[in-house]
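Take a look at the structure set out below.
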């Protein structure tokens, strides 16, 4: 019907004079409007399923290991964590030597890697010019890409002899009054493990600290410099602002140190002793699993090793979760500031 | 107070110089092991590297020479299995996170994937043992593949998500504006654009899996003979290095170095490729 | 204060810990405190400033106006050598009391030439007190009484004392934007600089805070030499004695503020002032 006042468009006026609304005609021809598309639904839920799988994987891992350690949990309970007998013949198991070994080697590694790593991070984030910083950052990250076994190779044939022939004798004769540097110089032992771990942990601490330092806004640095601060004084202020993120980096490094297996196993000597001396051989949680799992004869033996793995799992999950939360909240704080 | 001004200033400048020198020294000290390790593996291993090393089987104890053909094949099969199980989960999971994942569920998946990447590989090996070796009642390549797959999932998920997010929003808008449904836009337009980055991420995950030793020690175990069966123990490059490094034979030690050199070169090449590709992608933005 | 001696003696002069009271206002015609001669500034290959020769009169307010991107901020940053911090280079003469600033150690220069930034940047991990005292502490001032007295004096100068005197321990980032900017001004004043550079200090603030800061500048002029960059011409007209107009990296015109705004000499100046561009 022609509407009064509206000039009919020649394209829409049909032969008999009625007006055809082109748009109404088209959409009616296409059918009723669809609320959802079958393909979209399927695709979205298919990918959702896989994402769910990733989520469930973590829980599955924890659950299976908990189940696998049922025997030793039942038999030893909490004592498992504080007893130091590890006797497969008598089927008596206590994880204390390994827990101590893991702690000592990791702490030693951090004692070396944290100052060095922070120094590297400061150099890369604050001092180095752009053209130098990029290739250097890449080199530091490459350190993290070297597999543990290669570190172990280098450890056995280069680091250990060097320690045995040069470093340990020197330490023993000059600092031998300290309980840390007493005992025969095998080369293998806690010192070697701590040193090699520090090399492996350093790139993590360095790269994450560098990223954390970068999130501190340049405006803060300019404020300090404009006041007449030196570069180092400015860096100190930036470090204070970034301190929680750096803590996160250290925790992540600790997480890596705790779980390192091959390099440590190859140089630590693999003896379940607890000793004050860094020269003596030791044993870590990861190493005992690596060395003894394939040959575990009894069910209780296997269960003990699985329980140690479960311990490692829980420790690293907590360390990683806390560290990432810290780093994440710090980045958010600076975005809104 | 006034007279000490000059000395205070000089002290501040000296501290500044000292800390800068310290930082630079830290850097040199950190890069040194990289150079040392790489050059050592090269020097020690190059003498044992020849064609025979790649195609021959290990010789019996006491005989010199031999190769690691079975270990190479074994590693190939193991990472093939790992990729078979791990890549679909990782890539599809990454697609979900990039396309639909801006909600609490997506956030928790992202968080857990990151946290999972920190779980030691030996623990993953134990899980694979419980899941595969126990029911099957013997060690197998399958168990090793499952362990490697679990190790690959977090890396592949996150790199896939990041690569998809890097694709310019305009591609997506163009597709949607043409009336193409969202899922088709993702599959036909976004994914091909992100493919280069996703592939490199996958390569990186595979390279890392190829370098793993601990989880294989009690899943795939090892095999001195040629075997490609999925349900039997299988040799691998990394366990080969471990066994030969521990052995008291110098010839075997040298072979361990040679294998180590092959491994480290592979990983470094792929790391460089990954860095170049991701840097150029970021630069585009 | 002509001083052509070595950098050492200049430095030792500026090493004197500042007096508790700022110097008395100077009545005579302004001698140049700072001067640039044919200053060219670059970011890599791009030239941001071209042959700028400008005198900064002592104990006056010099306003620098011009459209965005004309080099105003770059010029300011050349005066206290912050330009090189951002990776830039400069060629030409920049002097403070006749001495080339490149011959003065930047740490010492920046104590004599302070800067307030466009976006307030108090140190978030420090308290309000520590923020103001930061510059003094860096120079080794430990006397708690002196620090407290200086903090109070400069916070009063910045018209912030009454608002924060009971919460000096709170974080520097916990106060409002306008208060933060006044805190930054107090921080800059605490080391008793001779020159205060201000890079659009009120552009990120609300009108009330802006008015307070303009009042502040007006008061400070009797004790300090002030250079203020602003894109707000009314502000320039209100607070400054001398105005310089920049366009595309070049100094177009400089003169008494009243003259520049009522009877500008160059055509570009007139067009900018009457709002024809920028």
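For reference, chains read A, B and C in written order, and residue numbers begin at 1 within each chain.
What we mean here is this: a contact is a pair of C-beta atoms (placed from the backbone, for glycine too) under 8 Å apart; a residue touches a chain by one contact, two chains touch by 3 or more.
Note that this is a predicted model, so its numbers are computed, not measured.
K.L.:
What's the contact topology between the chains, one of line, ring, star, complete, other?
P.N.:
complete
K.L.:
Taking each chain's centre as the average of its Cα atoms, which chain lies closest to the overall Cα centroid?
P.N.:
Answer for the innermost chain: A.
K.L.:
Farthest from chain A in C-alpha centre terms, which chain would that be?
P.N.:
Most distant chain from chain A: C.
K.L.:
Find the geometric centre of each of chain A and chain C from their Cα atoms only, then give the gap between the two centres in Å, rounded to an integer.
P.N.:
Between these chains, centre-to-centre, one finds 46 Å.
K.L.:
Can you check how far apart chain B and chain C are, centre to centre, with Cα atoms defining each centre and the answer in Å?
P.N.:
Their C-alpha centroids are separated by 53 Å.
K.L.:
Using mean CA coordinates as chain centres, what's the chain A-chain B distance in Å?
P.N.:
14
K.L.:
What are the residues of chain A that contact at least two other chains?
P.N.:
Residues 230, 233.
K.L.:
Where does chain B touch two or more other chains at once, residue-wise?
P.N.:
12-13 - these are the residues of chain B that touch more than one other chain.
K.L.:
Where in chain C do residues touch two or more other chains at once?
P.N.:
107-108, 138-139
K.L.:
Mind listing the chain C positions that touch chain B in their complex?
P.N.:
On the chain C side, the touching residues are 11-12, 15-17, 105, 107-108, 138-141, 143.
K.L.:
Which of the residues in chain B come into contact with chain A in the complex?
P.N.:
Going by the criterion above, the answer is residues 12-13, 15-16, 19-20, 22-27, 29-31, 33-34, 36-37, 40-41, 44, 88-90, 92-93, 95-97, 99-101, 105-106, 108-109, 111-127, 129-131, 139, 150, 153-154, 157, 181-184, 186-187, 207-208, 211-214, 217-218, 221, 238, 241-242, 245-246, 253, 256-257, 260, 263-264, 267-268, 271, 275.
K.L.:
Touching residues of chain B toward chain C in the complex: what are they?
P.N.:
Of all residues in chain B, those touching chain C are 1-2, 4-6, 8-9, 12-13.
K.L.:
Could you pull out which chain A residues touch chain C in their complex?
P.N.:
217, 219-230, 233, 237, 240-241, 243, 337
K.L.:
What residues on chain A touch chain B, complex-wise?
P.N.:
37, 39-40, 42-44, 46-55, 57-58, 60-61, 64-65, 67-68, 115-120, 122-124, 126-127, 136, 138-143, 145-154, 156-158, 199, 202-203, 206, 230-233, 235, 252, 255-256, 258-262, 266, 286, 289-290, 293-294, 305-306, 309, 312-313, 316-317, 319-321, 324
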